[in-house]
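One chain, chain A, links the two complexes that follow: it is found with chain B in the first and with chain C in the second.
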Partner chain A sequence: MFYKQSLSRKLFNVTNVIVLTLITLLGILPFIHLLSVSLSSNVAASAGEVSLWPVGFTLDAYHFLSKKAEFIRSFVISLERVVLGTAINMLLVFLTAYPLSKTNEQFRFRTVYVWFFALTMFFGGGLIPSYIVVKETGLMNSIWALVLPGALNVWNAVMMLNFFRGIPREMEEAATIDGASHLSVLWRIYLPISLPSIATIGLFTVVGHWNSWFDGILYMNSPEKYPLQTYLSTLVTAINVKSITIENMSALQNLSERTLRTAQIFLGALPIMVVYPFLQKYFVKGITVGSVKE
Partner chain B sequence: MKRVTTSVALISTLLATMLLAACSNNKETAGESSPANTATASSSQSAEPVSNDPLGKYPEPVTVTQVLGFRPPEEADALQGVTPETNGYIKDLKEMLNIELKYKWTVPSDQFDQKFNLAIASGDLPDMMMVDYNTFVKFKEQGILADLSEAYQNYASPTLRKIIESDGGFALKAMTSDNKLLGLASSGEGGVQVLWIRKDWLDNLGLQAPTSIEELEKVADAFVKNDPDKNGKNDTYGLALNKNFAAGWGFDAKGFFQSSGSYPFAWLKGADGKLIPGEIQPETKAALARLQSWYQSGILEKEFALKDEDKESEDLVAGKVGISFGEWWYPNWPLNLNKDKDPKADWIQLELPSLNGNPGKTLISRGIGAIMVVKKDFEHPEAAIKMANFFQELQKPKYVDKNSPDFKGPKTGYNYSWYQPRYYSGFKDIFLAVNEALDANKEKLELPEDFIGSGEAQTWFDAAKKYQANPKDNTAWGMYYSRVAKDGGIAVAEKIKEDKSKFVYNEYYGPPTPTQVEKGASLNKLTNETFTKIIMGSAQISEFDKYVEDWKKLGGDDITREVNEWYDKNAVK
Partner chain C sequence: MKIIMARKRSIRLELPLHLMLIPGILVTLVYAYGPMFGIVMAFQKYQPFLGFLKSKWIGLANFEYVFNLPDFNQVLYNTFLISILKIFFALVVPLILALLLNEVAKDWFKRLIQTSIFLPFFLSWAVLGGVMIEIFSLNGPINAMLSGFGLERIMFMGSNQWFVSILVGSDVWKGMGYNMIIFLAAIVGINAHLYEAAEVDGAGKWKQMIHITLPGMAPIIILMCTLSLGGILNAGFDQILILYNPIVYESGDVIDTFVYRLGLFDQQYSPAAAIGLFKSVISVVLVTLSYYLAYRLSNYRIF
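== the complex of A and B ==
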């Protein structure tokens, strides 16, 4: 123990633990609630009786889901998207960040290129021009429409660039003297050193791809091609009508399937929850330790 | 030197990319101005119709493009794996009329508006669309709609005419401009407000069903204080209410306001023949004052302002509240779930209570249903009318009876709810026909060949039979009590509509006026906030007078003027 257990320190510790516990609960309770509702009977859920423990325990919702083709289909599409999208994003981030991390002497007009990329962080075409570009390039209705727009995340590239700049130049020079080309410097020196920031950016990318839903609605022409979050969003959207007609009665029926909705939302959030703890250690390091020790 | 060349090469590549982007933009604008799309190309000139037969088959295939917002089929026995593209209706449409229906895209209904607006903005519209009145007006002003007068005159089948013109020509007139019929729609009347109340609770406390606001107040008070569910706990309150109490879709105070002669967000004809906005009338002030006193005495839940319709429905299901204003469909949802939870629960519906001896008048909003429009450059506007005829044809009794060899329903891959356009007439004939069959103890519903709405009738009849066989089946009860029962939802609503002293019309059904578009949202917010504050007692009732001043000043007067201009010019009187 380096610290004397003074009163003020004890007080600080207690407050600290309480505050952090509260914040943790704020994050975790909604998930526990979701899980409990999904494991409860439909009547109890519709009556709003379930809070943090299932009422009338049943696995019906999950049993039904395991046979529900739409859910499984969009789950697979989401997985495809994450794998493909993350691979492309990361590759482009490396290939952009490496040359831009060089000095102006090594790479002429470097600043011009940096501005070229940076500009897209501040100005975008907006929804309709983006839609038209995707439509005219024939990407509509294919998984590429979800992956290619935004294939290069400039913000991530800038983070990577700054990380690369922290790497001592001597290492690159040593490699070059030994006959390494730029590509092998990137692959064999820079990337292995940058594991923390790769994990950080990788996690951002994976979560980003998994959670994005709006582009699914925009670019997919039929619901069979929706990724998971787009599909989920169609389940939870509240009905917004002035009065109910026979036509939208079925939306009301949907509202009463609370257990089913929560089960799907919970399963949708599960993969990311599982991945998070494993990447957490890199995540913290990647942000705080921005450079290599010399 | 080498480095300089690479740099130049790189920069020129970048420039080239930018130019390319610019070029493809140009190409797009060019594409927009001449929206000749490939899908229609296959409809050739030679495919002239041979006669004016409403269901005449084209000699050459005619391609029609549409877009579709859809929901999965409601029917539990619907054939699995059927998509809008493989819908049986589309197959038959090709066989019977030689019309090939192609969807440019399909999307779940909730997202339809978003996607459709995007399609409008990018100029990528199908040949034939179902739109709402606002979009219709927009398209009309842009002049992109085809004139359907001739096609309607020559091709509409008698059944279709009967449905469209069942409102005495109201919809046709609203769709006509400069003697051109620019869209086809049927008009409908919005739901009638009634009062739903738990009969078993009334009986538990030995109370009569309330007929006036004063009696309702006594009953609600008893529901709060006298433990109506006899569970020994003080866990009930009086009247269901959610935060959208003046303009929601259920469990709200619309019915209460209307009982008090107040019609927020509606336009009624005033004494001088001009339309007046309901939210700023003195009746609204009186109604709010009463709600304020109800809030204080605990008839309203303290937390109502935090709940939306969905959340409020939980309290009805849980048996925490036994009175709610609303529409005919409640038994269908959520009252059926309440009966699942509490088998003793028994709901009845009453007409709106009276106030000071004046009967409560419900508000009926006349509205135009989904409007079928056809793009001007589409070569076969009559195909759209034929497609409407086709839908009515497939509603004939022999196609909707499950036991018929010609049955075309969800079970055999025919999903009607994905097909457009479809028009329906009112429920009244269906109600009478189904009840006649039930009274005669028929096992099978027999309808005349030209009966309109036999599909709906069949569903009602089946539900009623199911309920008779098993009174514990609460889903069947929901269908039966909302639609078929003689004291149920539709029966009471139709009865109210027959008595002119029991309803008033909302006279404005036009598109949002310019000031409404600009300031409507903030005015509505002002209204909702003020009303909520008054009910919860954080503002005195005298605040209402200040609110009226503000409302007028902040654009309300302009809106009133614009609404009246529209009314003088366009309203079908």
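== the complex of A and C ==
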């Protein structure tokens, strides 16, 4: 059917596209600027001459970083944390969600356990008592301090158990009659069916571990133990304080670390920027499943 | 006899379920219930070498002390102001974006925009804070633009006038993709027949938005409002911790950052825990209320 758009409609469409493009640029330009500064010469960068294209292009900053021990060490610690943390988080999500997804007849104490876990979603001890508990359990300065306190994410367990509940009972019953134990029902039936949900929860967990920085500040006494994001945060707060205490512009320009700093921040964001566009559909699914459910 | 057999059988079947829960229970007991028990320190003069059991009990003295701290009222005020502004803009901006994006016909353009708006959500405040400080620094691009227009350079990060706007703006920047996706999902869920009927009746796009799209999204908008009510005392701890500095404590210091400095820098564990408890108690009331409202108004349930 031939359908003619009115003039006002056309006008709206054009404005709409322009507005949305501007907003999109607003989101992307800061990162282009960051990359440009990191690829510029020290002089141009500290003079503030760089906007959206490198001035005096050089890879010096990245060369320097490839040999900078602190940066590489913290990168490795972050990787360790992501692998160890995600493995433990996922294991605990499975082990917790499976029993709680049973009916009250199948598992009589279910309600008690549900309340035990659910309470922690409403009430917490707060920063100071949590810090002291981690300290008293001897985790200070160890990677376990970044992994154990949050080892069970109750939200994720709830998401997982809601998914498990959608699995037809008959499949499980058939397996049980054949003599399968709970563990093998979980492993052979539940997990393979739930792969899309597992991917979603797993990705959020990976990103969460990669991005956490405050627990590193809190629980690691020495900078050699900092994961990457914690290391970056110290860099950022240091320059923040410096830039407001130095009133004099010319003194500020002599801070030649600008290219190095931007290079490190950019590298800290890079893994996610590279991976995220391909995995976006899982993230979107996780959000809409978690929030807009019946 | 039969009953006993059945019970034995069910215990044998249920035992593995109990065992599977043990790791989760242990972690939760130590790292979630442990700190809850540790809150007793708010009523003690806690000393690390004495521990929770032997430290001296001093009743409500810590609360009296912290409520009389000169900065405390300002901190409370900042917390509420920043939270409320964030909640408002974090709902309105994505709502408008979702409505605009819904009018875009080209699928690839839609996807492109969604992808780029959603990106900052996945980056940490350590990275985004670094980006903000770089952009708003005295010789950063924003100030270069200002001076290009012949205006004076502004020290954004060291200005109490600007700091709250920077917090709210950057928070919206980070979070808008997330809420936008929820709103878009709600729009997709609206019955398409309603639009066809409206078109037959001669309603234009604008009227369709007012009378179909917005009412159709009302449950989810109400839900998001009520759920954010529970977090009103969290003004955004890691964002502020990255972005603030002593000059902007006046406008940017919130309960969580205050507790952090008081407890871990000044080592005043017990007074800091007292503020933490004060916050937790109000929060638990608010969160419960928000879930209750969400359940009543939008039929939302966690389980």
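To be clear about the criterion, the second predicted complex is superposed on the first by the 231 of 294 C-alpha atoms of A that agree within 3 Å, B and C clash if a C-alpha of one lies under 4 Å from a C-alpha of the other, contacts with A are read in each partner's own complex, and residues count from 1 in each chain.
FYI, a residue touches a chain if its C-beta (ideal position, glycine included) is under 8 Å from a C-beta of that chain, and two chains touch if they have at least 3 such contacts.
These figures come from a predicted structure and were not determined experimentally.
Of the two partner chains placed around the shared chain by superposition, neither chain B nor chain C is touched by A:Lys67. When both complexes are overlaid on chain A, the residue A:Val112 reaches chain B alone and has no touch with chain C. A count of residues in chain A touched by chain B and by chain C gives the higher number to C. By the touch criterion defined above, A:Ile128 lies against chain B and chain C together after alignment on the C-alpha atoms of chain A.
In the superposition on chain A, contact is made by A:Pro30 with chain C only, not with chain B. In the superposed pair of complexes, A:Glu224 makes contact with chain B only, with no contact to chain C. 46-48, 108-109, 113, 116, 127-129, 131-133, 135-137, 218, 233, 237, 239, 241, 243-244, 249, 252-253 are the residues of chain A that lie in the contact sets of both chain B and chain C, per the superposition on chain A. Residues 3-4, 7, 10-11, 14, 21, 24-25, 27-28, 31, 71-72, 74, 83-85, 103-111, 114-115, 118, 121-122, 124, 188, 190-191, 247, 249-250, 308, 310-311, 313-315, 317-319, 327, 329, 332-334, 337, 340-341, 365, 417, 424, 456 of chain B are the ones touching chain A in the complex. Those residues of chain C that touch chain A in the shared complex are 10, 13-14, 16-18, 20-21, 23-25, 27-28, 30-39, 41, 48, 51, 97, 100-101, 103-105, 109, 112-113, 115-120, 122-127, 129-131, 133-135, 137-141, 143-144, 155, 157-158, 173, 178, 181-182, 185-186, 189, 205, 220, 223, 237-238, 241-243, 245-247, 256, 259-260, 263-264, 269, 272-273, 276-277, 279-280, 284, 287-288, 302-303. Across the complex, chain A meets chain C through its residues 9, 12-13, 16-17, 19-21, 23-24, 26-28, 30-31, 33-34, 37, 46-48, 51, 91-92, 95-96, 98-100, 102, 106-109, 113-114, 116-118, 120-137, 148-152, 154, 157-158, 162, 181-183, 207, 210-214, 218, 229-230, 232-233, 235-237, 239-241, 243-244, 249, 252-253, 258, 261-262, 265, 268-269, 272-273, 276-277, 280, 283-284, 287-288, 291-292. Listing the residues of chain A that touch chain B in their complex gives 42-43, 46-49, 108-109, 112-113, 116, 127-129, 131-133, 135-137, 217-218, 221-224, 233-234, 237-239, 241-256.
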